[in-house]
Every structure is written in structure tokens, then in C-alpha cells.
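For reference, the structures are reproduced in the following blocks.
Both complexes below contain chain A, partnered by chain B and then by chain C.
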Partner chain A sequence: MGLHPLRLGSGCFCVGRLSASHSPVLMCPLLKATMGLLQFQAPTQNDTMPWVVPTTCDWVVKFQELANTQPEAYFLELPHLHRGEKGQQRWLEEIYGLVRLLENQTGRKLNRKTLLSSVQIFMHAWKVFGRLIELRRKRVLAGVWFMVAANSFLLDSIEIWTERVHQMLETVATHPPAPEGNGVFLAGSPIIFPNFKLLHLIETAGMDVYGDDLCTSERIWPGAVCYEEPSYRGIMRALAERYHKACICPTFADNERRINSILNTLQQHHIRGVVYHVLKGCHPFDIESFNLEPRLKSRGYHFLKIETDYVQEDSQNILTRLEAFGRI
Partner chain B sequence: MGLKVGIDLGSTAIKVVFVENEHLVWKKAVPTTPGQTRIADHLTAEGLWALRCTADTLESVVFTGYGKGLVNGTGKVIDEVSANSLGAFLLSGGKARTIINIGGQDVKVIRLSATGKLLDFKMNDKCAAGTGRFFELAGRILDTPVEIFGELGQAVADPVNINSTCAVFAESEIVSMMAKGIAKERIIQGLHESIARRIAGLAGGLDMEDDFYLDGGSANNQALVTAIEEELCRDVYVLPHPQFTVAYGAARSVETL
Partner chain C sequence: MNEIAVKSNPRRQRLLQRVRMEIHAELEAARLQLQQRADYHPTWDYFLNLLMRPLAPDRLQAEVGPSGETFMQFGTV
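Our next item is the complex of A and B:
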């Protein structure tokens, strides 16, 4: 439809302070920073375009009410049970609703051809992202650089992102891998540029992130969109499934696959431990940690939960824990 | 003779030990002030002088603690959890399986294997409740030196209940209790119990095993030890020089580093 989605989440501590006086103290820092950012600088692409807000966690649902910005949010009502037919059907209806909204806004019609070409564009990006992951697993690309590349997704047009990351990979692929080190898996609440505090501390403690399941990083790409029939309805159904049924965000209630997915990556890539990041106030990931920790430990994996926000003052405390974790 | 030096640059105190073979032959603690390298050099020189030794008898110097990254020198470094594990394990004659460390600004619960290997640990985040700094703060409000907290708390049969786990709120809770005229002994014992509850909460997620050892500067407080024993329903042992366990572990770590 000629539109490009922009991600609004922010990792900036400074702008977060702008919203501190009119937001709950224990609000998720990511949304607090996003609120500050919106006050500081309105979305750049097109002010008349709606914000599309999937109703994931409670903070997200109440965000518009707190931020009180224009234009109004368009809520995509996310069924929190996603393994059953009922939830999937409701989600598909939501997606059709979104299409109608965008068609009204742009005066353009979404058709099978444009949908197919968009799926193709994302397929290219997905391949490049797969290669990015591969180079990190091979220790050619340090965890922090991987995160920079992943974070830049949805900040510019998808074609430009794909091309630039591809160029970067061409150069990086010729570099020798870093020596076999102390690799960890990073899970939990999202990490958004420029708040790379935890990544830097992990590196300072002599470890590197070999894999993650953050929704701002590896989990952006759940895999290719597979459609059985290339009709308009067929592609729409496949798209809806890809980003709902296949999604392993902890805001879903029936989410056993998430733990299995983490266990698979640990096993396949010989990663010995999980650093679990919880942004203060982020309930879905905090709650999940209580289930994940015993499950991982019972299989012999190490687990370290770090609850923090965007401030720097707890860095030394976190570093102490990470250094010890690296020696277990 | 070969001397191994361990320097624990903590957030409230700098502790230095000299170890000869496995014996702790000299130790000293001073409050933390800026200029970690200078203080470390000075204390090392003081130790050598006290032992009537020269610098060429130094076999190794190992730094640990929050300030370990701030010293310029040729010594090795080890993280404080590992140094603590090793120190407590060796000083307990290989008996320690669970260590509770109350440091200047953190509390740790550490699990060890039968061979002294670090198995798991829990540590508080940035909140100072239950830490040495929390004691200092309470001491200032109550106008009582922390060194006599143990003595004052031990005789109390009806301690107050301090609910706050946050150091700042606990501070205002103490102030309002004082304003109501509650005896400071009851407040002090209430503090010990609140810290014991916090430690139990921290240790809750760990698969704990006897024997328990308490170390860090607050371990000499017998009333606190009793409160922790009550809360955990286990005997808690205190090593002879609990403030120096981490520095001792750092000194001995050269044998494994």
C-alpha cells in the first residue's frame, strides 16, 4: 500500500525523564521513554497516520491514555490464547480490520499482487537476517553489533535496511571468528538502542551473547511466511498465522513453545546459560522468569535474572553478578 | 617465604590479607576512600613492614571487590563471588555449602559443591536494604554504633516489626518509631529480623544445603546470626575473621587462577 511501519519503542534514558512527572513510577521504562520521545519529537513519517497498537501487555493497552497524543491509537485486539482456532480466527478478523483502516487512510486498495510483492520483500530481509544470526552464532559478529543491526530494523524502509545489512555482512563475513569463549543466551524484556547497558556489561564480564529471544532482536523474525495457496485470502491467513500463532511473546497464555524454543537454541548451539533481562515494571517477562528458571536449571543450564531499568547506577552490581555467572 | 596478598576493595571498606602457605598472617581493614591504588600500595607496604618482609617476598597480589577495576597495578583480579566462595570454603575446612555474605552494598547467598565449586548464587539488586550500608544508616538515625547492635538486640524479647524492604522506607519507619518513644533495642532487633527475612527471601530460589556460613562485616553481630538461624531454621556458622573471607579467597585464588 506504499506505507512503511515505524517502530516507536525507545531505549533512551534522557527522553524517559521527560515523561517521569506524569507517568507511574513503576511504568515499563521502554514505554516511559517512548512517551518522552513523543513529547520531544512527534513521529516523523506522517503525523496523520494512526499508531497501530497490538494489545499485548497492560502497559501497552494504557499507553495512549497516558501519553495523550494525537493521532489516536488504533488497537489491534490480540487474542491471548493463540493455539486454538477461535483465537486465530479473531486475530484474522483484526488484520482485515487493519487493512480496512489503512485503505481508508490512503485511498488505495490492497490486492493480491501488492501483498505478494510485499511478502517477497520481507522474504529477502528474512534471509539477510538469517545470515546475521548465523554469523553471530559463528562468533564472526559480536553480540552487541548484531543487536545494533537488528535494532535498526523498522527505522527505515525495509528495502534499504536489507540492502545495508547485506553490505555489512559481505564485509564482516571475511573476518575471522572470535576465539571460542563464554557464550550466553539473552532472554527477557526487549533491549532497544541506545540502552545497550546489559550487552556492554556482559562483554565486560568476559562473555558474549551467542543467541537471544528478544522481540527487538532475534524474535523480530519468526521465520518465512508460508502460504498454501497464493490467493489474497490465503496470503492473509498465512500472514496472520505467522505473527500470531507462531509468535512466542510471553503475553500469550498458551505459550509452552517459548520455553522449548529457548531450550532448542541452547542445546543446538552449546550455550551453557541464560541471562534473563527484566525491565522494572515489565510483568509478562518477570512472571515468565519464575517458570523458566527451574525448567532450565533442571536441565543443567545456568540462569541469571537481572532486573533493571535504563539508569547506569546499578552497573557495578550487575557486573559483579555477571562476572560470577561467567565462572559458574 | 612466599607471601600471597589478597586485596578486597569493597564499597565501604578495603580489606587486605597476607597469606603464607595457607595461613592468614596479617590483615587490616580501612574505610573506603578515593585513591584505591594508593591505599592498596600503602596497605601492602604496611603489611610487609609488620611482617618484617621485603617486596621480593611477595609471590602474588590479587584484587577483588567493586574497586578492582580502578587499581593500576600488576596484580591479578578475581570477581568477588568467586573469591568469597573460595575463601569461605577453605577457611571452613571444606565444610561450607551455602554462604551468606552481607557486604557494604549488597547481600549474596552462594551455593557451593562438595569440592568448593561455585554452583549458583543470588544477589540483591541496587536496593541497599539488608546491606552494611543499611546498618550504617540505621546506626546514624539511632545514634548508636553498629558494633554494639548485636549486644543491644540480643536481650530483646519483643522486637518491633519492620515491614519495609526498601532502605529509604525502613529509614522513615525507624524515625516514626523513635518519635513514638519505642526503645531502640526493640528497633534494632526488629531490623535484624527484617534483614533475616530478606536473606531468606533471597535464598528462597536456591537449592540450599547445610552447612551455612555467614561472612562480611556484619557477621560478628550475634543477634543477627540468631535471627537468620530462626528464619532459615538452620544453624549458621561464622568464620573467625568474617570480614576478611573475600580477601583471603582472592589471595588463595592464585592457586587456581
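Our next item is the complex of A and C:
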């Protein structure tokens, strides 16, 4: 439809204080930083376009109210039970509602041809992204570089981004793999540049991230859009399923598959344990950690929960804990 | 805080100016840390440059799409 989606989010430590006086103390630091950044945004034509807010966690739902800025929010009501037909049907209706909104905003109609063309562009991106994951699993690509590529997704046109990842892969693929060592799986709250604190500390402690399930990194890639028939309705249904049924965000209530997915990755790639990142105030991941920890430990995997904020002061403390974790 | 309120408040303007410089310094430091790694390659600069501009809505207006239209999405599911 000639529009470009942009995910709002910030990893800047210093900017959160601009919103500190009008937000809760224990607010998600990622959103607090984003609220701070919005104060620099000059009024533009973007103000006429609403923010699309999927109702995931409470902070996201309340973000526009806290930020108190234009434009208005358009809420996509996310059914938190996603295994049943009822939730999937409700989500599909939400997606049709979003299409109507975009058509009203742009004055253009979404048709089967443009939808199919867009799906194919993204399918190509997922394929390239899949190779990126493969190289990280083989220890050819360091966890921190993987995060650089994943974080930049949707910050440029998808075709250009995909082409650049492809070029980069050709360069990286010739590198020899790093010696097999202390690979860990990183789970939990999202990490956004420049907040690579935890990634750098993991490396300093002699480990590397071989896999993750962060929604700003590997979880961007939950698979292809699988449609049974290439009709408009068929593709719409497949898109809805891809971003709902296949999603393993911890805000879902019926999310057994999420834990199984982490366990499968650990088993398949001989990863010894999970470093679990919880940003202060990030309740969904905090809650989930109490379920995940015993499940992992009962299967012989190590688990380390790191609760942190957008500050550097706790770095030494975290490093000491990571070093001890690496020696287990 | 809206633009009118910021313009009429010189202290607020100074604070914004200071924080803007701090953001720039924070981003530069993060980029430099990555560029100084042994496994750095210039092909990464494209991705780093994208990440260096946190005020993306302003940027996208100029760079994305021939019509200049942008659409802001928030959050992931």
C-alpha cells in the first residue's frame, strides 16, 4: 500500500530521564526511553497516521496514554489465547480492521496482487534471515553481530535490507567458525541498540550467544507465510496465523510451545544453558522465568536470570555472575 | 510535552539540547565499540548506520518510498 512499518523502541540509556517525571518509577525502561525520544520528534505529516498498538503487555497498551503525544493509537486487540479457533478468528477480524484503516488513510485498496507481491518480498527476507541464524549456530557469526542485523530490520526498505544482509552473509560465510566453547541461549526482554550491555558482558565472561528468542532478534523469524490457496482471503488468513498462532510471545496464556521451542533449540545445538534477561518492570518475562527455570533445570540445563535496567552501574555485578555461570 | 510548551521554556530547551548530545555520544560509543572488534568488517557499516539514527520517523520521511509516506507501527506480536 506504499507504507513502511516502523517499530518504535529505544535502547538509549540517557533519554529515559526526559520522561521520568511523568511516568511510573518501575516502568519498562525500553518504553520510557522511547517516550523520551518522542519529545525530539518535530510535528510532521506522520502525525496524521495512527500508531498501531497490538495489545501485548500492559506497558504497551498504556504507552500512548503515558506518552500523551500525537498521533492517536489504533489498538489491535490481541487474543491472548491463540491455540483455539475462536482466538484465531478474532485476530483475523482485527487484521481486516487494520486493512480498512490503512485503506481509509491512503485512499488505496489492498488487492490480492499487491498482497502476494509483498508476502513474497518478506518470504525472501525470512530465507536470508534463516541463513543468518544458521551461521550463528555454527559459531561463524558472533551473537552481537547477529543482533546488529536483526535490530536494523524495518529501518530501511525491506528489499534493500535483505540485499545488504545477503552481501554481508557472503563475506561472513568465508570466516572460520570460532572454537567450540561456552554457547548460551539468550531469552527474555528485548534488547535494542545501543543497549548491548548484556551481549558484551556475556562475551567478556568468555561465552557467546548461539541462539535467542528475543522479539527484537531471532523471534522476528517465526517461519513462512503458509497459504493453502493464493486468494486474497487465503493469504490474509495465512498472514494472521503467521503473526498470531506461530508467535511465542510470553504475553500469551497458552504458551507451552514457547518453552518447548527453547528446549528444542538447546538440545539440537548442544547449548548448555539459558541467560534470562529481565528489564525492570517487564512483568511477562519476569513471571515466565519462574516457570521456565525448573523446567530447564530438571533437564540438566543451567539457568541464570539477570534483572537489570538501562544503567551501566550494575555491569560489574552482572559480569561476576556471568563468569560464575560460565565456570559451572 | 508539546512543541509550544518546549519553545516557551528555555530550561526545557537546554535540557533537550543536552540530552540530544548525550544520545549522540551514547550511540557513537556503541558504534565505536563494535567497530573496534577483531571480527568487524566494513559491510557492517550499513546496519550500524541504520541503528545510529534513533529519531527514525523524521529520517524515514525522506528516505522511504517515492511518495514519502510513512506508517508507524508499534510493538511486535
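We take it that the second predicted complex is superposed on the first by the 322 of 328 C-alpha atoms of A that agree within 3 Å, B and C clash if a C-alpha of one lies under 4 Å from a C-alpha of the other, contacts with A are read in each partner's own complex, and residues count from 1 in each chain.
Convention: contacts are C-beta pairs under 8 Å (C-beta built on N, C-alpha and C of every residue); 3 or more make two chains touch, one makes a residue touch a chain.
The structure presented is a predicted model; accordingly, all values stated were derived computationally and were not measured.
Touch criterion met: A:E293 reaches chain B, while chain C stays clear of it. Judged by the touch definition given at the top, the superposed model places A:Q120 against neither chain B nor chain C. After overlaying the two complexes on the shared chain, residue contacts for A:S231 are found with neither chain B nor chain C. In the superposition on chain A, A:T320 makes contact with chain B only, not with chain C.
Of the two partner chains placed by superposition, only chain B is touched by A:E307; chain C is not. Using the contact criterion defined above for the overlaid structures, shared-chain residue A:Q267 touches neither chain B nor chain C, since it reaches no partner. Between chain B and chain C, more residues of chain A are touched by C. Overlap of the chain B and chain C interfaces on chain A: none, as no residue is touched by both.
Listed in rising order, the residues of chain C touching chain A in the complex are 1-3, 6, 15-16, 19-20, 22-23, 26-27, 29-31, 33-34, 37, 39, 41, 43-44, 46-48, 50-51, 54-58, 60-61, 63-65, 67-77. Against chain C, the residues of chain A that register as touching in their complex are 2-8, 10, 12-15, 17-18, 36-37, 39-46, 49, 51-54, 56, 60, 63, 69, 71, 73, 76, 78, 102, 105-106, 142, 144-145, 148-149, 151-152, 155-157, 164, 167-168, 171-172, 175, 193-194, 196, 200, 215-216, 219-220, 243-244, 247, 249.
Within the complex, the chain B residues that touch chain A are 66, 79-82, 105-106, 118-121, 123-126, 205. Those residues of chain A that touch chain B in the shared complex are 293, 297, 302, 306-308, 313-314, 316-317, 320-321, 323-324, 326-328.
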